[in-house]
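Look for chain A in each of the two complexes below; its partner is chain B in the first and chain C in the second.
And then the complex of A and B:
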């Protein structure tokens, strides 16, 4: 291609400006860097807002505290779901897409101006929907099932946000094309970028489903359409609502690989196996959307079972592969780093004092043990009926999306701040503590909500005491349920403290952190056994060993837990309807 | 391939395995990742919903 023949303003970025990263030696496109910064900051702001709402929700569901009035409760619950699940996560994911393409591939980013258009649309949309919710007439939960009707700008904001995110996906794909054409890398894209590609592909389906259903719903709220079929709405909406969780899974798995590579020099055990696992996601993960419709009478068992059992298990297989290869690649690297004693020296002597590593490993373990196992239970048609619409469901997805995704994103922030914002982390001692604090709190809300759900406590319910003065049919849950909701409240305070600390550290570091330069670049990434952070991330290649005794023990532990818990639930089910 | 033995030594024209070509082709993956759920989840689901008889 003759670059000189094309006027610079057509492609915008032919004259892209780069700097060289002092820690990794990678070429960093400054336009990409600015976009990453903007999206990451927006993400953190919405996490803060949404986190406060989450705390208020949890304090209301704590029977002894019962903080908010019922109207406020549903308003705040709607805002909580929206701000954390959509805005925090997706802004951060757009930052990850730009990072995994332009930065890791040392390429210029495609169409940075469109990146700003996307950013503006997402901000305008996010703020608009928030305003609609806070005005009080749109407390429809973030799922907005008709016939509940929100204000038109609630849907319009979501649509604008989705269009912005879709543009971000295409910028990612465009950057892959540019990097290939301009030969900024050799052979196949690195695994982290491949994981981001998986996230991007799922995002395209997700956003398309969202647009297909939200546009008519918007027209219905304005009055142009008289009727939205509720079951069709649920079907298509969950094509977005569930698939978007799979964007998260793909993105945070990519982050696990990234952090492992940077902090201990982990290389994938097998590129083929890990890519194959991502491929399973691309094929099957989105079909599991059907688990949200398992009790709908209008859909056949064939449709439910094909989509949730057969296909979902193939996607779960993908997750279990990552669940083994991520710790496996860390073990392989740590053994190379010299920690070869016994079964677990590699793990004991891992850089636990580095918040990026600690957050990543906690995210990995808790996503698998808490989120993964409970997800399979909920996705099994027969077992689902015991927990459907109980608070077990939020318990499960706080394990996936909070202890899994959110914690992984927090962890990677401790690398993004020095690498992209070029600032050192302020308060390194508190930063070391932060992943543990937040992880513990988040694990608590997950486990205790699951506990209460097992006892039948409903989700999205303002009150669980049902006093005889208020209701026609008084109902009491076992006292254990109130205890669980109280422990959930306490855990929420812990998680909120950890979250607040994360926000204070991130914002403080960006504003007041010491500048990172060549003299302190490697040290700014926190303690780690290896100081060369580039190759394991940017190069294709296997670790070349399968001698991983520690990982095999962890995997065996996982399967034992899984099998036991699975059968315990079948036992519960058999007691629900005794056969005589 | 067997029918072109001479090119083998001159150029590294090894036949790239199918899986690798698939994994290296983002747009093919995008196509699959959109079509599979659209057919198996959305279209099949919508077909079933449209077959539910209306109450009178």
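And then the complex of A and C:
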């Protein structure tokens, strides 16, 4: 063994092998690349399974269709939540962590063998939990509130999966250390990596919460512990369940910046502001568990108010800042590209035909307008009384985690396939359509579920018609509610079509796409805006050279909507029966 | 670009554009406003959930609820004969949740306040009063006491909106609200 080989062996077992990316010039560690591929493929497979379950759920909740039997419905709903929220999202996030560390920093990945151990644990855990659910004795929903009890392997699978994900997080952190020591980059880590680091830190916290609660619950399910306190369980479980949503937000915001950079050449308006906004997530995320406890007995209002608002809405502030800096950096870049006419030429002439850009911008707008605003309303202590556990809640989080996170992940796939899998996207015309189809469908399920929720429709509920033959004290929701659930079903078909298209395009491209090489690398990333002028001499996106009137208008529109909707809800609340 | 290290090494000393600062200030103040709005509503608003809560043995709660139903029963409903209890205005009312029913049915008077005691006997349930759309979580072992004042006459459904098992969707209850001094 030569001396030179030793440093490379400290964390990795074999000296790393690299290729050079023809499109970006980055050095690509082949071990990292294999891990990214494996995790991304697993993610897409679970999206497919979970997406089919989602469609079945939505069709059952459409009163005129009412597809599944009640037992099947609760089983499938449990599986849907697990497969999409945990497996799809987290497998993809692990791929993002490896990408944002090893690839973006041109570093070798830390301990690739451990990466495979992590992957194996996650697969075994995910499959084990799925089996438990499909066997039919564990229809407890993915939240598994005790004293509802699932089979032991339901919890065991989740624990194994979490351990795997935790190892993935440490590999990411280890890679950052290696990159720093081996000086693969100059100065500070790029903003995208910083966003991924935020996601990783939050992930470590949430996985710890998950372990604290799931391990005792597992022991309880096998009979070693006699009692799990229902309120404590919820408090700690949501320390994982809700805080982990901040992982998704950090990850998809990082992707917004990434896609903005690759497609239109966007630079952060201010590194300080964007990084500061990520920091706010890290500082205040732990408090979010309260969002699920606002109408619970046993917790004081003081506790609820401080926690639900993330200590005076400081994590919300983080998102509102990104909500300006992301479109702002795109506007600034487009103006530098030469699109300076009027307020919105930069937006009109953005590369809407590039599925990466289109998906990213739709994700940004819908996450803010649909998911963000409804989330703050839901998280307001008293307003929550009107929405807790109604289908407004799934409406809200399909706006965050489907139109926001999932659409952003789909968008970045159109860059990952050519860059990492080195294959061109097959069917570019259909690919161009895909983000719109899926985005529209997902927006539909969000909006219509929220609409039905304001009419009182319960979430996780097999039959909202309460026929007198089944229930002792029948009740009817207003007819509008059935209409909303029907429109939800139609939107679900649209979203499922968009989702199926995504899977077909991704899998098809990986298997049959044309190889990407130096000759076609740039073109493989999809249509880009034509640069009318050469880069202006500015260091920062904004740099005082450009005003960003379009962004100001968008932000003002967002803020007005937010404020109006906020007060409308207080008005509705004031009409409820007085209660103390 | 966001995929490369910051162009200026000492990026934390770069000036921030005014528009960004304005938006940060507006968003921050709005956050403060929303925070204080919740506190304001506790003082001046009429819809707040009570912190009056105690641990309670489900068996004890069941006992108290049946005594309550016995004492205030005005009639029975349905083929299984669910009691309808009409508590004295201003007094205590009990409703328990168990798989899969809300028990008993209550009859309240418009404009009168009641102390509603809610708890569950087995798993968690969700008290969802319709079409008012008022939703409160119900735990086994915790008693939640809410002072409630119905403001309209009618028949109101109580739905379970916390998944509580395979019969979750058949779990319904009812509250009648009548004019003061009248029955149904």
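Throughout what follows, the second predicted complex is superposed on the first by the 545 of 580 C-alpha atoms of A that agree within 3 Å, B and C clash if a C-alpha of one lies under 4 Å from a C-alpha of the other, contacts with A are read in each partner's own complex, and residues count from 1 in each chain.
Here, contacts are C-beta pairs under 8 Å (C-beta built on N, C-alpha and C of every residue); 3 or more make two chains touch, one makes a residue touch a chain.
Only a predicted model underlies this, so the values are computations on that prediction, with no experimental measurement involved.
S.K.: Looking at the overlay, what does A:68 touch: chain B (first), chain C (second), both, or neither?
M.R.: neither
S.K.: Looking at A:232 after the superposition, I want to know if it touches chain B, chain C, both of them or none. Which is it: first, second, both, neither?
M.R.: A:232 contacts chain B only, not chain C.
S.K.: With the two complexes superposed on chain A, say which partner A:559 touches: chain B (first), chain C (second), both, or neither.
M.R.: Second partner only, chain C.
S.K.: Counting only touches as set out at the top, which of chain B and chain C does A:267 meet: first, second, both, neither?
M.R.: A:267: touches chain C, not chain B.
S.K.: Which partner does A:387 reach: the first (chain B), the second (chain C), both, or neither?
M.R.: In the superposition, A:387 touches chain C alone.
S.K.: Which holds for A:301: it touches chain B only (first), chain C only (second), both, or neither?
M.R.: Touch partner of A:301: chain C, not chain B.
S.K.: In this superposed model, does chain C or chain B come into contact with more residues of chain A?
M.R.: After superposition, C is the partner touching more of chain A.
S.K.: Once the shared chain is lined up, is A:290 touching chain B (first), chain C (second), both, or neither of them?
M.R.: first
S.K.: Would you sort A:102 into first (chain B), second (chain C), both or neither based on which partner it touches?
M.R.: After superposing on A, A:102 lies clear of both chain B and chain C.
S.K.: Could you say whether A:576 touches chain B, chain C, both of them, or neither, answering first, second, both or neither?
M.R.: In the superposed model, A:576 contacts chain C only, not chain B.
S.K.: Going by the contact definition given at the top, which residues of chain A touch chain B in one complex and chain C in the other?
M.R.: Comparing the two interfaces on chain A, one with chain B and one with chain C, the shared residues are 188-189, 231, 272, 293, 298, 300.
S.K.: Flag every residue of chain B that touches chain A in the complex, lowest number first.
M.R.: Residues 19-20, 22-24, 26-27, 29-30, 32-34, 36-38, 40-42, 44-46, 48-49, 52 of chain B touch chain A in their complex.
S.K.: Please output the residues of chain A touching chain B within their complex, sorted ascending.
M.R.: 173, 176, 188-189, 194, 197-198, 200-202, 204-205, 208-209, 229, 231-232, 235-236, 239, 243, 272, 275-276, 279, 282-284, 286-287, 289-290, 293, 298-300, 303, 306-307, 311
S.K.: Please output the residues of chain C touching chain A within their complex, sorted ascending.
M.R.: Per the touch definition, chain C meets chain A at residues 1-9, 11-12, 14, 16-17, 19-20, 23-24, 26-28, 30-32, 34-35, 37-39, 41-42, 45-51, 53, 77-80, 82, 101, 105, 113, 118, 122-124, 126, 128, 130-144, 146-151, 157, 159-166, 168-174.
S.K.: Tell me, which parts of chain A touch chain C in their complex?
M.R.: Within the complex, chain A contacts chain C at residues 70-71, 74, 104, 139-141, 145-148, 185-192, 230-231, 257-258, 260-262, 265-274, 293, 295-298, 300-301, 305, 309, 312-314, 316-317, 320-321, 324-325, 328-329, 376, 380-382, 385-390, 454-456, 458-464, 466, 470-478, 539-540, 542, 544, 547-548, 551-552, 555, 559, 562-563, 566, 570, 573-574, 576-580.
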